[in-house]
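For reference, the structures are reproduced in the following blocks.
Same chain, two partners: subunit A is paired with subunit B first, then with subunit C.
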Partner chain A sequence: MSAIIEEHHHDDHHHGPAKGLMRWVFTTNHKDIGTLYLWFSFAMFLLGGTFALVIRAELFQPGLQLVEPAFFNQMTTMHGLIMVFGAVMPAFVGLANWLVPMMIGAPDMALPRMNNYSFWILPFAFTMLASTLFMEGGGPNFGWTFYAPLSTDFAPPSVTYFIFAVHLMGISSIMGSINVVVTILNLRAPGMTLMQMPLFVWTWLITAYLLIAVMPVLAGVVTMMLMDIHFGTAFFNAGGGGDPVLFQHVFWFFGHPEVYIMILPAFGVVSAIIPTFARKRLFGYASMVYATSSIAFLSFIVWAHHMFTVGMPLAGELYFMYATMLIAVPTGVKVFNWVATMWQGSMTFETPMLFAIAFVILFTIGGLSGLMLSIAPADFQYQDTYFVVAHFHYVLVPGSIFSIMAAVYYWLPKWTGNMYDETLGKTHFWLSFVGVNVTFFPQHFIGLAGMPRRIPDYALQFADYNMVSSVGAFLFGFSQLLFLFIVIKCIKTGKKATAQVWEGAHGLEWTIPSPAPYHTFSHPDEVDLKEAHG
Partner chain B sequence: MTETVPKPRTVLKLVLVAFGMFGFGFALVPLYTVFCEITGLNGKTGEQYTQSTVETIDKDRLITIQFLTNNNVDMPWDFRPQVRSMKVHPGELNTTNFYVRNPARTTMTAQAVPSVTPFMAATYLHKTECFCFEQQQLASGESLDMPLRFIIDRDVPAEIETLTLSYTLFDITEQPQDQPAIAAE
Partner chain C sequence: MANDATYESYYVPTDSKLPIFASLGIFLTVFGMGNMLNEMKAGVDSSFGSWVLLIGGLVLAATLFVWFSKVIEENHAKLYSDQMNRSYVWGMSWFIFSEVMFFGAFFGALFYVRFFVVPWLGGEGNRVPSDYLFYPDFVGAWPMVDTPDPTRFPGAIEPMGWYGLPLVNTLLLVTSSFTVTLAHHGLNEGNRRKLVGWLALTVGLGIAFLICQVLEYQHAYAELGLTLTAGIYGTTFFMLTGFHGAHVTLGTFMLLVMLFRAMKGHFKPDDCFGFEAAAWYWHFVDVVWLGLFLFIYILGS
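Let's look at the complex of A and B:
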């Protein structure tokens, strides 16, 4: 530890970033790496979004118009994989890189060189994944959940590239998470206790533990696939003594905590933004920490609710049903706390606050449809319909993605030193808000009416809602170009931001100048603990 | 700056957790098999049954057992049970045959995989002899009557009046032949 401080002191304490492109390749600075992660994730967001628009364009009308069913399947698969592993997860890692050291008064991440590696693995992983679309037999077409034997016996040859790409993403995530945990546990400013940390840091600490626990399981399951495909084992092949249902158990043992990996940091972001714009302290800080931990714990013991229809005994159905419903309790505590924070606050509605409030409302809708899905007998009806699609898009798009956008608007002045254009920001919010709801709300109805997911064609009675949904998707998709424009404009010009940026903002990151200097908190004396956690 | 825990120790612990969880992923495979075996979940039937004591036959109960046969994708063999269903007494040793024929031009190897419905009945179905314990190799045009000898346990719960034993036939010609038979799992 002290070695790092001294090194900073002697070598580059007064240095700015290196010049030229190689700055980004060799950088070990947490702010640079955070920026890289965020830009990378935005690029993946646009790529995955393009795939989504191919899907919605095909579904605009019943019948086959634009793409072959085989390509449609590749689009649904790649959309899911890119959005989960390429857009949402790296965006949160980027936020963690930028914010965690600044929030806990640390000079940098604990393992800066490894930080560089964990980022630079990703472009290779996703280039490899995306390149499968141009290979003979096409890219992965088995859905982002890649159920065996569809992804083993019946997979296109490019599945090996997919497996290797997943391995790389996993290694990147695990290294990133180890970095976050070590930073939080070892590099907090002297005197800062765990219960003084901002909730964003808390949620990321718990998320990082989840990642370290389940990403290796994902690596294990794709390794088993690899062995089944190339080395003649039969983990998932019933003819050779294996069991395809085993795949689903192992996959969802990873998959369910993964769902919370994508939402817990969002809780942290919203818990930072709402108090600022309500000009009140967060209501129930300690209960937020305990609720987050409970959600993380419960995420390990509910995985089979994704597979109610595989043929479980009644006791299993009941157990997984009740355990799943239990998650609504800590989640409800959080929603209650956010609402209570806003209660009687002096609220203003700048863009980050708009996104945060939309998060609370729309995430709750997604949570409630999740509660409907948790009812095992009802799930027999809902499973594999558009109702499921509507559910998880409600928690992921106006959930995770809105929180990331809220975070970008909230901390952008700190990162760039300029205020973003508030009018454009609000325009972006309203376009996104309307777009998201027009896209996904009708999917509840067509799902309940029985439209299956992952199909390129559908029965005529679903035509109207699908058309509405497609219009909404294009509105949402193209609105994101406005987001890109706003961010670039903010980097280039804009009203100069003050150190505190927002009137009601509290926390260590608001004690340093805007833009944040290349090196911050190089010496513990710079940390004013009175400003810790807002 | 003071620190309570040295950084390398934290890193080491976390790396160990990551490796441990990778191993745990693989450990789920045998755990799952054992779990299914104990609970009879998934309709998995047990290994070859060797009668330890002479069972008395429960003449008061009659249980219907139905036989289903399925071919896995691309499996061309004719595969059917000799009888579609039997009425048997618990404790009684029964025998039936399944017919297979290989209509393909080449010699093929097959493996039948059993499954019992309802799942809770799986642990009460004892097979003293079953073609699913081994692989079948048939030359082109060759046919075979494969025996199944089974006992339904006397302790089978009263609510089970009918149970279905289904076999799916897999083409394993291309697979390495040293694989253990399914039912040995």
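Let's look at the complex of A and C:
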């Protein structure tokens, strides 16, 4: 195998990486672009994390200590926007870029120049978004969900730049997703059927479909805002016959699938890692595919469970409540399958596996609090409290972000050719694990006790848990510097990795040398389909 | 390498300067536009934003021109296999799907307003008390000619009818869908005169549609008092038809480019992705119009 790859590698129409900084600006190589996405995402993770620490520092004690309420609002808004659109989504796109072509035996992404375009729009978009913080009137201060009329009639002037930044992100996401879908549908190695694809590829196929379906709706809703703000239309103004609630419907029609966009690739990552370290095949591959598809379908018809308290007709409340509860079924199938995969496996607990197991447990906690929130009458109490904050941080931080970290540790030897430092990796895991739980678990209690979200001050009875939460946040935040150190160390030095890297790893990406050559699978006959999926 | 013929090698372009210029172009475009809008709203009059917008638009347009030219060049150099062409076909199909969803957001807004918001504002349903307190005199009706708050949203004198210009426009677009198909037949038969003739007629019909739409808007503003700021009826009317008009403009431009390419003899029956993509886009625009004609004009007036 590897001999053939070496031979093709010197074909005249294949080039190694260009020299210098311009390599990264002009590149059309899926591995380079994947790397760019991942580093960009990490930079945004630190920026958004810094905003989170400003929030937690202010909430360390009751009363106003560090920041003005107006600035606090900008921090909660920008933290959410940066983390969702700048950290989590680009990280998964980066993983897709690196892994999808290698997993399906494709030479690159289907549309490599557009791939570069998708990435390089993002730094411009986020520079523009972040620069709003320095503008007159401050940055966006209406929460990451930017509900009208707070984001239209009462917004600072910088909202215009926010709207255009969202447009740019949307264009980037749509082009990136079209690339992923086309790559998967058209560039699979000869003989690889859809039901032979690794689950990570499946989950990304479905995620990309969701992105193409809902990012245009997000573009639509911010365009309506733009028109209301600058051209006197009446979309979100009852005086003209519109309705602020219309904003919420359109936004959440995007927003709920968006939630799954941030978790389905995580399911794919975990479904790759657990079989490797349990040394068993994934339990229930086909049911995983159908469960993922069902979740994607259901994501389109449950959006108004985010809006139980706006005054919907009773029939709407009931419908959205029951439809939401349905999601627990396919999700339960997935959790069951992961546990069944581990059952009686010869398990070892390297860092990726630790993150993956923590994902299964903590994501399930987040899922269960989600089930609590789906009960409309109960949600009337939970709405806009820290219970909601605890819920979605449990699915996003030890959910999405833990899976991204698991993926980085799992595939880093393939990317760099070196093993990471296992001791430091495990240290990073335990610090993150403790940090995340100390931060977010107490927020369930203060939420149930009635502490509202997005408020810089709080009643004295919430003081203790807030203090605990803030300590946890700083622990989690600073632990990520260790992550940065581990990754850099692994790039520079470390025990050489073998092609297979992990004893129990299966899949095409483990048949090529580590580090992966600049061009892989340039010719379809190089693929050994027996290794196609784990 | 005996089995060379059994697979196709996939052309992966080398490094390209195009995307970064396209990124810069699109960034300057939106940044300039944002700056311009904010200054307009604040009543400041420096032309900084409009210059940035102009430069950005030019950079973007020039980059896309070079980009598309390069793709055509690569195609002529036979770098693309059938598999590669399938990537373009898939890519265009998914792009059109994303456009469908974009229009879906605005159609969704229209339906929500029409079937929920307006009756509620008029006093139906479970929101009676608040709506009654705010706008006691308002009677819910569609098309909404009188708004709940006429001081801010003046409302219209009369709604737009479906008879007349909208009907003419429907006939123009439906006809153009047939003519573009006839052009496609000409292409398949290798008959360039037939291709160019029907394609030129299609472009002409597209331009005629746009002229009619301008006349219709003038009629709306001058005689019906129907404006963008008239309230939700004007909002949905102009936003939906306006975005559709923008798409007709883009589609006409795409077909015009394909017309020039057809005259140069770029297309062969088995090598005409550019033409087909433009034709699919045109059919999509046509279908959206039928939706508009039904929901905005016939059922909306």
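Assume the second predicted complex is superposed on the first by the 520 of 534 C-alpha atoms of A that agree within 3 Å, B and C clash if a C-alpha of one lies under 4 Å from a C-alpha of the other, contacts with A are read in each partner's own complex, and residues count from 1 in each chain.
Note that contacts are C-beta pairs under 8 Å (C-beta built on N, C-alpha and C of every residue); 3 or more make two chains touch, one makes a residue touch a chain.
Values in this document were obtained by computation on a predicted structure and should not be read as measured data.
With subunit A as the common reference for superposition, the partners subunit B and subunit C occupy clashing space.
A simple residue count on subunit A separates subunit B from subunit C, and the partner touching more is C. Contact with neither subunit B nor subunit C is seen for A:59 once the two complexes are overlaid on the shared chain.
With both structures placed on the common chain, the touch criterion links A:117 to subunit C but leaves subunit B unconnected.
By the touch criterion defined above, A:190 lies against subunit B and subunit C together after alignment on the C-alpha atoms of chain A.
When the two complexes are superposed via chain A, 128-136 is the only one of 74-82, 128-136 or 164-172 in subunit C with C-alpha atoms clashing against subunit B. When the two complexes are laid over each other on chain A, subunit A has residues 110-111, 174, 177-178, 181-182, 185-187, 190, 212-217, 219-221, 224, 232, 234-235, 237-241, 243, 245-246, 249-250, 253, 311, 313, 524 in contact with both subunit B and subunit C. Residues 15, 18, 22-23, 25-28, 106-108, 110-114, 116-117, 120-121, 124-125, 128, 157, 160-161, 163-164, 167-168, 171, 174, 177-179, 181-182, 185-187, 190, 212-217, 219-221, 224, 226-227, 229-235, 237-243, 245-246, 249-250, 253, 311, 313-314, 519, 522-525 of subunit A are the ones that touch subunit C when the two sit in their complex.
Against subunit A, the residues of subunit C that register as touching in their complex are 3, 6-10, 12-20, 22-24, 26-27, 30-31, 33-34, 37-38, 40-42, 67, 83, 86-87, 90-91, 94-95, 97-99, 101-102, 104-106, 108-109, 112-113, 116-118, 120-121, 125-127, 131, 134-135, 144, 147-149, 152-153, 228-235, 238-239.
Subunit A makes touch with subunit B in their complex at residues 1-2, 5, 110-111, 174, 177-178, 181-182, 185-187, 189-190, 212-221, 224, 232, 234-235, 237-241, 243, 245-246, 249-250, 253-254, 311-313, 316, 524.
Against subunit A, in their complex, subunit B makes its touches with residues 1-3, 5-7, 10-11, 14-15, 17-26, 28-29, 32-33, 36, 39, 41-43, 72, 111, 113, 119-120, 168, 170-172, 175-176, 179-182, 184-185.
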